[in-house]
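As structure tokens, the structure follows; a few thoughts come after it.
Chain IDs A, B and C follow the sequence of writing; residue 1 opens each chain.
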Amino acid sequence: MSGSPSESVPSTLSLGEVAELVSGGLEGDPEIRIVGVSALDEAGPEDLALFTSRRYTHHVAGSGAAAFLVTDETMARLGAGRPRVVVRDASRALIAILGRLHPVNREPAGIHPTAILGEGVRLGDDVGIGAYSVVGDHVDIGSGCRIGPHVVIGRDSVVGSECTLHPQSVLYPRTVLGDRVIIHSGVRVGGDGFGYATYDGSHHRIPHVGRAVIDSDVEIGPNSTVDRGSVGDTHVGTGVKIDNLVMVAHNVQVGEHSMLAALVGIAGSTRVGKGVWMGGQAGAINHLDIGDGARVAVATKVLRDVPAGETVSGHPARPHREDLSRQANLGRLPKLVERVKVLEAEIEALKRGLGG
Amino acid sequence: MSGSPSESVPSTLSLGEVAELVSGGLEGDPEIRIVGVSALDEAGPEDLALFTSRRYTHHVAGSGAAAFLVTDETMARLGAGRPRVVVRDASRALIAILGRLHPVNREPAGIHPTAILGEGVRLGDDVGIGAYSVVGDHVDIGSGCRIGPHVVIGRDSVVGSECTLHPQSVLYPRTVLGDRVIIHSGVRVGGDGFGYATYDGSHHRIPHVGRAVIDSDVEIGPNSTVDRGSVGDTHVGTGVKIDNLVMVAHNVQVGEHSMLAALVGIAGSTRVGKGVWMGGQAGAINHLDIGDGARVAVATKVLRDVPAGETVSGHPARPHREDLSRQANLGRLPKLVERVKVLEAEIEALKRGLGG
Amino acid sequence: MSGSPSESVPSTLSLGEVAELVSGGLEGDPEIRIVGVSALDEAGPEDLALFTSRRYTHHVAGSGAAAFLVTDETMARLGAGRPRVVVRDASRALIAILGRLHPVNREPAGIHPTAILGEGVRLGDDVGIGAYSVVGDHVDIGSGCRIGPHVVIGRDSVVGSECTLHPQSVLYPRTVLGDRVIIHSGVRVGGDGFGYATYDGSHHRIPHVGRAVIDSDVEIGPNSTVDRGSVGDTHVGTGVKIDNLVMVAHNVQVGEHSMLAALVGIAGSTRVGKGVWMGGQAGAINHLDIGDGARVAVATKVLRDVPAGETVSGHPARPHREDLSRQANLGRLPKLVERVKVLEAEIEALKRGLGG
């Protein structure tokens, strides 16, 4: 599929090469051949098995792996005599190892003959545009981009260099993408926001003359949407990662390196700070500030500003400790009812005693 | 991008023209040139800045705007000597001003040579159909419609006049749209509903022979879905506005001029009345009645009928006052525990006193 | 629309034929003609009206239906003299009746001249591929498949026999579908999961070298997404039904015949057992086990493992009885406060009495 990365035949590595690649400690025969990486319970005799969480210790004994990738935390639970590479950051090591075992072959450059380019489109070097894609007038596409088949880019949009647009993504007119942005299938950037004025018995659309501006190194997952601004722009900062089916409304600002998990919804004009984490199905109403480094637990509903660095949870969102304490108090309620019953009986007894 | 509105070079207005256009009160030089409209903190020397909420008063002093659009509520906080137009309804004024500064140039009419039209398709006057769109047999498209590129309209569908279908929207067969309907990218109207009968150990699809019927002046945001009815139709009433990533299930009825914010889900056969508001991530289970004019707060989960005019919130949904009161009671629980402790100590003392 | 089932002119049935078709009990004239099936309040003189829930008893008297489909539960409420067919399982009967009244005409086979097939594509017999669809290199498509227009199938994917891919669905490379799988418009199978390692101040993508494997008889509703696995596969088991706008994350396992309603989100590596029901807007965090036959109520947020057969609800999820009991306790809190007030007054009185 043009526009989507494809993979060449996997390479192999020796265990010694793995250790060197990830600057990890090696135990066992450095000549062991590694063809793939697997979960503990799926690993075959040429696989490096991931043992990076104690949660899966029970799978170790039966694992048929050639060797294990372990961390300081899990190392002791592996048992003696089993070949291993020990690393501090397993995810980081995994990126290096998989990058070598499964090198990505980029799609070739070139404009498919069925792609339709409007007037005044400017293309950088080494650009690929897939079958049936439609690029509007006066669009700029930077060098090294790979645009899949069935992509629609609206007029006057700007796509930076080395971006990947997966099949069936849409940029509405005047969208701006930075460099190395990855847009997955079904993503819609720049739709008109949900803004209406209500008078004379019906809702009238407020024109959305702002843009959706996506900075460099952003990735947006399948079927997520980022609306354009009404007056002023919607802005997604550098390095932000957005999961699937996420809604970023008009005039929202998402700070650098924040992460929005699946099905998150952020309402109009809310500012999400830098390095914020929002868990799946979390939401925030409009015109809020969520401070830098805040953590919003899964399914949390944010109805007020969140201070920088705060962790919030619950519906409505509260500081996480407070939310937990409320939950615990609620759980203790039956005991409290019992205590009140005892008190009532005792008072009754006391009253009888006094009256007798 | 054919099928999507594009904008011409913006016009300019004098401040006097702005005041006249919105029937607003003018203070300051009527000759001031206005080129754009901006937020307070982004406005340049040719911009009309929006100062329509006291929340943003702190941005007024530093604003470099040429003039301000204010309401009765914010007027007094602007400070003397700053040019302004005073209106009662800022959103309504905004529609008028933006409509003049950013007039929308409709895409030209005409059927792109790559569009594929089935047998017996009837087109009104002044219709535009974009590149690679596929229109099924016996589809009716009314006059003045603009169908973007990559749109699929299933057989036997009816599209009223002056509708806009954005790129990569899909109407399943036999879908009906009224006039002036706006369908955004990625919207799917008329999919088979989630209805199965379970027997012999598996789930069997119930045929969906109803339709999805969307009345006039409805707008449906990117990636939302409206399923067709199983027996009988799914129906979205006149003037309803639906945000992004909303799910309207089979046989749901949505009354006139209701609004459904992002990520709302309405389960099968539920009736949403007229003029209802449902906030983002709200949901309703199946076979409910949500009365006319009800307001369902963000993330509220409706498990029972909602009377007309009621405001509900929480999970499960309750009248909003009751939900607030329950939340408040929970917050006061630690104090109640303290009071019970005191009582226990006092009773203990009383018992000792009596016994002594 | 090629690739989508279309319907022929409806047939008619006599009431006697209906009864025979569903092995139901017949009361009334077997010669009554049935042209369609309707809801009670919409039925016309040639319709069989569905009266399968007591909830709708008030619509019976005014119904203009030719006859009624009733169950043991509703039969007595129909009133004497009205023609009826009595069945045990109304949904099952409905499938049989609608299948006869509205026989589905499959799209004809054949590859549309605008469809683009890569190198080494293998097609079974009787395959239909719609306009503008793009099939990558080395894709296998089984016999009897209907691929709609505007479908993109990534390289090295496998599609079993008799699958239906609706318009504008996308399979990322190396996706695997079993037989009789139905993929609705806007579904994205096989996108890279939301997995990053964070170091050096930014988030780095973990390569996703696993696949998304969808077993036979699965149906996935419009705009849902199933991500590929990072290491190892994401797996959706036989007979699973997924509604619209659902997120199934990387390395999730969904057991046979489970059902996921709209807007459900399941985070990475969580295992959903067999025959599980998850209601709309429910969610589960990562690395959990949801046991076979568990029922997760609408909007429930699962933060811990769920035992097999358990029904859970609430946020966070708890056994349903416990959740209800907590809700009820919270509702009784004002009364408890009153009781404590009374106790305080009584103690005060006792103290005065003792002291007096």
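The criterion applied here is as follows: contacts are C-beta pairs under 8 Å (C-beta built on N, C-alpha and C of every residue); 3 or more make two chains touch, one makes a residue touch a chain.
Quick caveat, the model's predicted, so the values are computed rather than measured.
Visitor: Between the chains shown, work out who touches whom and classify the graph as line, ring, star, complete or other.
Guide: Basically all the chains touch each other, so complete.
Visitor: Determine how many degrees of rotation, between 0 and 180 and to the nearest 5, align the Cα atoms of chain B with the equivalent atoms in chain C.
Guide: 120
Visitor: Please work out the Cα centroid separation of chain A and chain C, and write it as a whole number of Å.
Guide: The answer is 25 Å.
Visitor: Name the residues of chain C that each touch 2 or more other chains.
Guide: 132, 150, 168, 186, 223, 245, 263, 281, 315, 330, 333, 336, 340, 343, 347, 350, 354
Visitor: Note which residues of chain A are touching chain B in the complex, please.
Guide: Answer in residue numbers: 116, 118, 132, 134, 136, 150, 152-156, 168, 170, 172-174, 186, 188, 191-192, 194-197, 199, 201-207, 209, 223, 225, 227, 230-232, 245, 247, 249, 263, 265, 267, 281, 283, 285, 287, 301, 303, 315-316, 325-326, 329-330, 332-333, 336, 339-340, 343, 346-347, 350, 353-354.
Visitor: So in the complex, the part of chain B that touches chain A is made up of which residues?
Guide: Going by the criterion above, the answer is residues 1, 4, 6-7, 36-39, 42, 50, 53, 55, 89, 91-92, 94-95, 98-99, 101-102, 104, 114, 130-132, 148-150, 166-168, 184-186, 217, 219, 221-223, 239, 241, 243-245, 257, 259, 261-263, 279-281, 298-299, 314-315, 327, 330-331, 333-334, 336-337, 340, 343-344, 347, 350-351, 354.
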